[in-house]
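Structures given as structure tokens follow.
Each of the next two complexes has chain A plus one other chain: chain B in the first, chain C in the second.
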Partner chain A sequence: MDPGTIVAGILTIAILSFLYGDNPVYKMAETLLVGVSMGYVLVITWTNTLMAVLFKPLFLESQFWLVIPFIFGLFMFGRFHKSTSFLSRYSMAVLIGSGAGVAIPAMLGARTLRQMTATVEMVQGDSFLTIFSGLVVVVGLFSTLSYFYFSREHEGIMGRSAKVGTYFLMIFFGTTFGYTVMSRVSTFIGRMDFLLSDFLHLTN
Partner chain B sequence: MNSTQSRHLAFAGLFIVVTVTMLLDISIVATVSNETKRMFDYLDNLPDSSVIIVSFDHEASSLPEMKPLGLVMLRHLFAKDHKLIGVALLAEGTGVGYRLMQETAKEYNKEYGRDYVFLGFKPQFIAAILSMGESIKGTFPEDYLGNATSQIELLSDVNNYDDVAAVVSLADGSLTTHWIEYGNEKYGVQISAAVAAAMLTTYDPYISSGQLKAMVGGLRGAAEYENLLGIGGSGARSMLAQSSAHLYIILLIIIGNFTYFRSRKKG
Partner chain C sequence: MARLFPQIICGFFGVVLFVLYFLKAPSAKSLYLTITSDYWQIIFAFALLVGVASFIRVNIKKLSILSESPYVITGLLGLFAMPVMALVWGIKGDSPFMWVFENVQVPLQATVFALLAFFVASASLRGFKARSLPATILLISALIALLSRSDIFGWLGNSALEFSEWIRSYPSMSARRGILIGIGLGSVTTSLRIILGIERTWLGKDR
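Let's look at the complex of A and B:
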């Protein structure tokens, strides 16, 4: 058995020991996970980002315009001292400004306009089932929106619509919860599969 | 019995159910759902030797669920002789992605640089997705192994998304949404996804709107896909344990509710 499998097997058992209760073995495995993850991300960031995208092109390929993002990057470290903390605001301003500029049109298009179009298109389907599904979606959309409309009392038609909206929300939460349970159980099964087959050789 | 004891008992029960069913070592042939069939057909109908980006948008913690999904995707794509470009938009997906591609490529005698390439991790996923729309080689001047991408055979005719037939996002979180918002919305590249089961409801509306071409999810999706490919795997092997665990959890919910209502009645 290769050393990697032995280490992974022991650490899996150490993490599973939390099911009995918090204990030093679990704490050790948890600390190791945080440390290794951080180390891994640091190495990847150093080699794939700082070296590949900044230092190499700047110092070896003479792409001097990269000095500008480099300086803005350094400004972020200004936060560590009171007298220089204002510098990080310039970097943040660039980040937020460009980020919002890029994100707003894309999100508006993909999440709102295209979804609205799809909602209407479903009602115009060619079979009874598609039209019925489309109507359910439309009722779900308007009733859920009315639940989140807080500028008017939830009374009368508005109240009834909001009530229907809560049922749609509950169905959504229930489905999502079910899938999440399925996902977590899958993760547990995956580790048990590893323990029983690769580590203990009890199954094929 | 206090709450800690009952929690321990519930966990111990789940442990026993999963262990016993896995020791039985029975593979279940999963009934294929429409969603999985749609994903299979979509990838199967892409022209042979298409250039496809496989994006490893997940962390190591979700590997037990994402690995079977990644394996079936890669096996199908390699079997169809597609040219694969592997990328990772999360740092932890880098090592996992490279290893998975390498292992699967060996099974199909695929050569690195000609049939597949792994470009590695790029931080700031939105910037990375947008930048690849302009130039893939510009975004990744070097591949994961440090080779200059300008010298890689597979990438010689690949400049940006115009030369890519599809993107397959292997995601355990919301990264597929960014592929849809920036890759599909801005550049029109076709997006499909293999996602953790917990994300299925999040992405479902994008299937209806056509922004996501197809989607397969969770260990169940992997088992169904293995069935369509006609191969065995950890998905099918885990289905009995998955079903038993679900039945056990349903039983716990019934017992919990019964106890709750009985105690409320007693006042």
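Let's look at the complex of A and C:
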């Protein structure tokens, strides 16, 4: 048998042993996963970001403007000592400030205006079902929004609308839950298939 | 001063990026891309290095605890083995680095992900009780979503499948859109508060 299959099979059983209860074999496999994943991300970040985006362009292609993010990056290490911990705030300031600046137009465009446009467009159609479905979306959207509107007390029309919004939210949570469970179960079936056919050769 | 300067830098970058978003000049587009792509990538990469260094520091401290040491050693071995293998043999498709990725990391990750199926199922068994109308709606929509890809819905015919698709594409999506719009408006408000210096929690406390 391929050594890779043996290793993968043993590690799969080690993780599944948690179903019996927390045990040293599971904990060993879990910490191995943490270490290996971190090592993998470290290597990929070093190769694809630090070497490709920073060190090679800065030192070999003389793109000196890269000194600025390099310095901000180095400031992050300031967190390790009390006297230099304030330096990491400068790096955070760049990330958070630029992130906030990008988020305002992007969020207004993609998350708010485009969603509203798509909702209104759904009401247009030739068949009764299309128009009805579009109206369901409009009612669902506004009732959901009214549920999250806290500047007025949920009484009268507002209260009724918020209540309808709860029903739509429950439908959303229910379907999301269903699809999440399905994806987990299909992954589990995949692992069991690997164990029973590739590793243990019990099935074809 | 230790808090004022970072706030000024934060506001400056916020305003600059906001303005750059709307400018059509190639130099403005290039600067926008440079900051959102290169600056972010580089600073995030250093943040990751800080995280790895912190992980090593914490684990070395834990080494003295005898009951924890086998796990700590396993974690650290995994962490150091990957860069060493990458340095010695490279990271190409047939390298030991990729072998460990495919035969250790991928199966471990997939099994941990699959393990959650049991916990989600057991939690739903305890929590899913049709005590009220919203709870009943939640239960029914979850059942429809779960059964829609099963043989039971296959026996019921196409209309059952179409109904489950309709639930997902219309009532469920309307609530999803409501949540997305809420997130969008919330993000805009928080971003404005950050740029204007009203929101300062990201600065942390003075040590």
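Basically, the second predicted complex is superposed on the first by the 204 of 204 C-alpha atoms of A that agree within 3 Å, B and C clash if a C-alpha of one lies under 4 Å from a C-alpha of the other, contacts with A are read in each partner's own complex, and residues count from 1 in each chain.
Just so we're on the same page, contacts are C-beta pairs under 8 Å (C-beta built on N, C-alpha and C of every residue); 3 or more make two chains touch, one makes a residue touch a chain.
These numbers were taken from a predicted model, which means no experiment stands behind them.
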| item | value |
| --- | --- |
| Chain B or chain C, by number of chain A residues touched | C |
| Touching partner for A:139 - first (chain B), second (chain C), both, neither | second |
| Partner chain in contact with A:179 - chain B first, chain C second, else both or neither | both |
| Which of chain B and chain C A:111 touches, first, second, both or neither | both |
| Partner chain in contact with A:161 - chain B first, chain C second, else both or neither | neither |
| Partner chain in contact with A:91 - chain B first, chain C second, else both or neither | second |
| First (chain B), second (chain C), both or neither touched by A:202 | first |
| Contacts of A:20 with chain B and chain C, given as first, second, both or neither | first |
| Touching partner for A:193 - first (chain B), second (chain C), both, neither | first |
| Set intersection of chain A contacts, chain C complex versus chain B complex | 16, 19, 37, 40-41, 44-45, 49, 99, 102-103, 106-107, 110-111, 115, 118, 137, 172, 175-176, 179-182, 184-185, 187-188, 190-191, 194 |
| Of chain B, residues touching chain A in the complex | 4, 8, 11-12, 14-15, 18-19, 22-23, 25, 60-65, 67-68, 91-92, 94-95, 120-123, 126, 130, 141-142, 177, 180-182, 184-186, 196-202, 205, 208-211, 217-220, 234, 237-238, 241-242, 245-246, 249 |
| Contact set on chain A toward chain B in their complex | 16, 19-21, 37, 40-41, 44-45, 48-49, 52, 57, 99, 102-103, 106-107, 109-111, 114-115, 117-118, 122, 137, 172, 175-176, 179-194, 196, 202-204 |
| Complex contact set, residues of chain C against chain A | 2-3, 5-7, 9-18, 20-22, 34-36, 38-50, 52-55, 70-72, 74-83, 86, 91, 97, 99-118, 120-121, 124, 133-135, 137-146, 148-149, 166-185, 187-188, 190-192, 194-195, 202-204, 207 |
| Footprint of chain C on chain A - complex, ascending | 3-5, 7-9, 11-12, 15-16, 18-19, 24, 27-47, 49-50, 53-54, 65-66, 68-70, 72-74, 76-77, 79-80, 82, 85-86, 89-108, 110-112, 115-116, 118-119, 133, 136-145, 147-148, 165-182, 184-185, 187-188, 190-191, 194 |
